Amino acid sequence: MIQDYLILSVILFCLGILGVISRRNVFTVFMSIELMLNAANLAFITFSRVHESMDGHVMAMMIMAVAAAEAALALAVVILLHKHKGKLDTNVFSLLKG
Amino acid sequence: MFAEVLFIAFAALSILGAIGLILFRHPMKGAMSLIVTMISLAGLYALLSAELIFVLQLIVYAGAIMSLIIFIIMFLNIQDNDLPIEEGRYLYLAGGIAVIIPIACFMIKVVKSIPAHQATIVGNGFGGVKEVGLVLFQDWLLPFEIVSLLLLVALIGAVVLAGKRRLLK
Amino acid sequence: MFEYALSVIIFLPILTGLALLLFPLRGGVARAVGFIVSVIILFIGIELFLGFNGKSGMEYTEFHQWIPSLGVNYALGIDGISLLVMVAATFLFPMVFSIFKTRTKGFYGNLLLAQGAMLGAICSTDLILFYVFWEIMLLPIFFMIGIYGGDKRLSATLKLTIYTIAGSLLMLAAIIYVGTSYHEQFGKWSFNIADLQALSLSGGFAITAFLMFMVAFAIKIPLFPFHTWLPDGYTEAPTATTFILSAIMAKIGVYGVIRFVIPVFEVEFTRFAILFSLLGIAGMLYCGLAAIAQKDIKRLLAFSSASHMGIIALGVFCMNVQALSGCLFQIMAHATSTGVLFLFVGLMEERLGTRNIDDLGGIAYRAPIFATFFAIAMLASVGLPGTSGFIGEFLIILGAIKFNAFIGFLAGTTLIIGVCYMLWMFQRVFFEKGKERTESFADLNGMEILTFVPVILLIIGMGIFPQTFLEKIEPTAQQHVAQLTAVSASQIADTTVQNPGHTNHKN
Amino acid sequence: MEQTANYLGLIPLLPLTGALVIGLLHMLTCTKKPLPEKLYSVLACIGPLLSFFMALVVLFQLKNMAPEDRFLSHIPFTWFAVGELHVDMGFLADPLSSLMLVFVTFIGSLIHIYSIGYMAGEENYGKYFAYLNLFLGAMLILVLGNGPVVMFVGWEGVGLCSYLLISFYTKDTDNVLAGNKAFIVNRIGDLGFVLGMSFLFWAIGSTGFDFLSLRENAHLLTPGIGFAICLLLFVGACGKSAQIPLYVWLPDAMAGPTPVSALIHAATMVTAGVYMVARFSFIYSHFPSAGTIIAWVGILTALLAAIFGMFQKDIKKILAYSTVSQLGYMFAGVGVAAYSAGIFHVFTHAFFKALLFLGAGSVIYALHHQQNIWKMGGLKAKMPITYATMLIGALALSGCPPFSGFFSKDEILFMALANGHPGIWFIGVLVAGMTAYYTFRMMFLVFHGEARDKQAYDQAHEPPAVMTVPLIILAAGAALVGVFNLPGIFGGSMSVSNWLAPSLVEHHPHVSIWLEIMAIAASIAAVVIGITIAYKKFGHGAEEPEFTGFAKLGYHKFYVDEIYNAAIIQPYKAIGSLISRFFEPNVTDLHVKFSTWLYTKSGKAFKVFQVGYVRIYAIYMVIGLSVMSFFLSQSIN
């Protein structure tokens, strides 16, 4: 039972990674990160249930808060990107090229 | 029995939603399928008797954050030709899966090694607003305050970043 | 009263140096401060030297725990091996401050930092502490060459820094190896050199660690063929830096070998001694020959310095008390002769704006005092009896002859090689007809004479009364050599035991 | 047993102090108004004269002791002591060193006095006397040193002063080069000395590294090492005393002022090698084969230098080659184990050669620095004192009885014959004839015949008394000192040899008196023939000939300098520049170059991965994570 929840969390997390590394669309990448956060949340809640302690719930709330902050900033960046480059492609950021 | 059926349904939905997110080309569709995942996760939280989180998942995640994302997508008025041309998308996907399988295997192995634990019946009020609130404001007060600061910073940052009109001039 | 003298001479310059870097001061003020500090240290150094009784063993020891879990301590002390290096590092700095005026405060701050770090490396008896100071030492040098050096300073300073850091990292690895093997053998952590002496290392790892140590020190000394940073570094560095590089920093390399390598790696040391002594000889010959072809007087001195360092290093590898004492003595003698020659060249450059030998000539007619002082330092550098250079060279050659007659013979050729390029240079710079440039060369002024007279007296004094110095270093040298000879004796015993076995096999 | 004499150290110290005082005075004043010459002259002469009187005191003190106890020592302090090595800064006066001491201080004082006249009006007057005093101090340390190391101090010290004085006129590059040559060649010899000394120490020096202790232990030397020590020390002597193959510096050394040539490069310093061999006679007497090598090197040098001397035209060069030639005799003497004969020749040679040089100096002085004998002539009338004294010197040099040179040289040749070296004896006699020839060639060309350069001749005059008086004193010495060592055949008792006996280890062979008479007759005949030929050719004036054939070869000194230049100096420089131009940047620096190359290359190789796209970096991260997970999952279960 518990393991099933955790396995689901793992699967979602891996799908999130997949989204980050295989897509170039900024929005999709961003939402994949949200997905990974959600997967983590699920694991927290599950463990919280197992241990019958509500610290996991608190943690999940914090993650939500972080996710909200992240969303605000990331979307601001996306707007800037769109404004200056007119693109939604992560490959626009290539200043790191050696 | 009923809980198990529900679990399987929610799990299937959330996975489908996640797969949709990865596969849809247009972010709007992706966002929609992510919302499916979010809602099914909320259902799973309910199954885990986390009432407050269930509510918050629906309100904050599925409600606030996702609507913010969708709002921005619509605000930018994204057309098909705005989207990046991702020719090797499926190649990347295949490669990604190949790379991820060991990670998944490893994590699943870890999960399997956790001793099986049948859900016991939890006491009354587990995961309720009051109980979580008590924990939050007693044990987790300082982190909570710091998170609020973080939100404030993010707020200001977002305003500064998005508000710069003449950045490149 | 002198309980904390060593800490004082280490940290007074470091703290003053940092203060100079931090506070906005004019160059002149910084120079005055630096001069005062270095004179204070000079007096402490004299006091330490006079108070040292030389009955083999550490004196002026200080001991505080630093990282107890790893057995790293703040342990300081002076014995016969470090005494003369310490003396060189304390005695010679005031000269730098009193001669060169045209530098900014950053330069003086870095000089003080360098002095403190060098003294730290010289006085520490804990490997880790030594390593820390050893690395700190490089920083001010890096800045001094990189900021205040000559035209090609950037490549020179990069070469020097990367080269020495590469060597130091090898040494760090070896230090860790030594520490862990001590832990294995004795069940506790210690990096104190007195404890590490008890180690018995063998096998491939020990040889590798030994070679790593040797490479680190060989780069600093510098031993052939690791010397290639030296000509560029010495030439591009501002003269004061060249002076401390050649007079003190190079010596710390030799000192490190004696202090840390010999006690820990007796077996490997005796095994590789012949190889390293040949390297010393090769460096002496090679750099001595290269010196004759130099046009830049500073570069010529740089090669000459490298050539002498070869001989000094040879003194370490000969494994007898004469050579070792000679080497320790020569450390000081070389600092006062070749080091001081660098200062003279710096003065010349300051006055004439050139270091090219072809542009110079006839300085002796314009500046007899300068020429005389230069000549005395030069003669000490070529090892004329009656000057400090002779005692060291003679003892080293004497020891080398015992070690291996052929190496002794080759070591002896330093007498000839040194004299060839030095005389040639002296002739071109000081004699012959005066050139236009040198017409207006001003002789040393009162302050400069006052600065150099003590050194000149020291050169001659060390040549006539070397026993004052030798009697303090000899017991420790004796002890060190006794250790090595015990090892080589047991090796000989091993081989004699093995030989019958071999013949049995043949039968 | 030896006695202490606490004034011995003062003997070298006095001239050294003089050097210091004069040097400082000169150094501080020379760029401004120079101090008066009189001050320097007085200061300069005090030290040598006092040393001379103290040397006499030493001599008489020794004379009053029993012959076998004639050792005076003075050890002011321990110089350095490391392990078994214990070297005292100590001084030893025994018959050998006292003899050297007396004549070194005597001739040194005379030449100081002579220099007052010769150097008058020169620039750097003070510097000259500072160097001269320094030289005397170093020479006295060499003579008095009680062990090889202290001796080496003086040994190198005189080399330094020789360098300084040869290149005294520093404005002329050739002079400085001559000085450099002298110093470097001397250093080659010093290498031999140091190595020999070191071997000696490890062989027998650990119980005491002074001459007396070494002498007691000399029998412990093993043949191989002893032979090597003998040869190495002889290399040192070769350098200092200008023997084959290191003689080349001495002729060039004539670039210095003439009194310097007289003092350093004729009378005292160059004989230090002979002195040293005699000092080590306790070793050399154990190894006659090494002695034979020395003797042959010596006599061949004598021959070679005599050949060169016959064709020179520079008056100082002629004297220089004659010095080399006489030094060859001395080595032949000490080589055949006739140490006292060798030392006695050193003694007499000091007188007549100093005399000849000073006389030549007077001539040069009178002719305003003209040194070419083909530009002189007929000076007999103008400079009678110089002529008379130089004639005595020339006769002594040629070995004409009864002048001093005859007795000393003849003793050497006779000992060579007596000790079974007829070849050396024969060459020696031949060289004696050649010596007589070139000496009188010089005398005839300079003093007889017609004046070749009228203008210079008219201005020539006898030098002032301060220069002629030393000449007269030396002439008296050159004529008479032979009587100190008259052999039995002339009714003497070999007093110098007997005096030296306690310091030396030598055996006097007994041979028939007829052999001795025959040897003497041969020598005299050779001398007479030599002088006659010279008189025939040059006695009535002659013009400068064109040299051809062998003469040309001799005039150019067999092109030895050129050969050395091509075979040693040029390759040395070439190797130097090869190293600094080619090896240093291209070969030795190779490992540095290689590592920078490796860094650059590997940097470029890794650059491929730096595509710049964030997603790709994420992929790297995930790949890393994946590999890590793979290995971690192996360790689970």
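The chains carry the letters A, B, C and D, assigned in the order they are written, with residues numbered from 1 in each.
Here is the rule we use: a contact is a pair of C-beta atoms (placed from the backbone, for glycine too) under 8 Å apart; a residue touches a chain by one contact, two chains touch by 3 or more.
Just so it is clear, the structure is predicted and the values come from calculations on it, not from any experiment.
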Of C-D and B-D, pair with higher C-beta contact tally: C-D
Centre-to-centre distance between subunit D and subunit B (centres being mean Cα positions), rounded to whole Å: 100
Distance from the mean Cα position of subunit C to that of subunit A, given in whole angstrom: 60
Chain centre separation in whole Å, for subunit D relative to subunit C (CA means): 36
Interchain centroid distance [CA atoms averaged], subunit A/subunit D, Å: 94
Of all residues in subunit D, the ones touching two or more other chains: 619, 622
Touching two or more other chains - residues of subunit A: 17, 21, 24, 90-91
Chain-chain contacts as defined at top: A-B, A-D, B-D, C-D
Sites on subunit D touched by subunit A in the complex: 606-607, 610-615, 617-619, 622
Touch list for subunit D against partner subunit C, complex: 23, 26-28, 30-31, 77-83, 85, 89, 149, 152-153, 155-157, 160, 163, 167, 170-171, 173, 176-177, 179-180, 183-184, 187-188, 190-191, 194-195, 198-199, 201-202, 572-573, 575-577, 579-581, 583-584, 588-589, 591-592, 595
Parts of subunit B lying in touch with subunit A, wherever the complex brings them together: 7, 11, 14-15, 18-19, 21-22, 24-25, 27, 30-31, 34, 37-38, 41, 44-45, 48-50, 52-53, 56-57, 60-61, 64-65, 68-69, 72-73, 75-76, 78, 82-84, 86, 89, 92-93, 95-97, 99-100, 103-104, 107-108, 111-112, 114, 116-120, 122-123, 126-127, 131-132, 135-136, 139-140, 143-144, 147-148, 150-151, 153-155, 157-159, 161-162, 164, 167-168
Subunit D to subunit B touching residues, read off their complex: 619, 622-623, 625-627, 629-630, 632-633, 636-637
Subunit A to subunit D touching residues, read off their complex: 17, 20-21, 24, 29, 90-91, 93-98
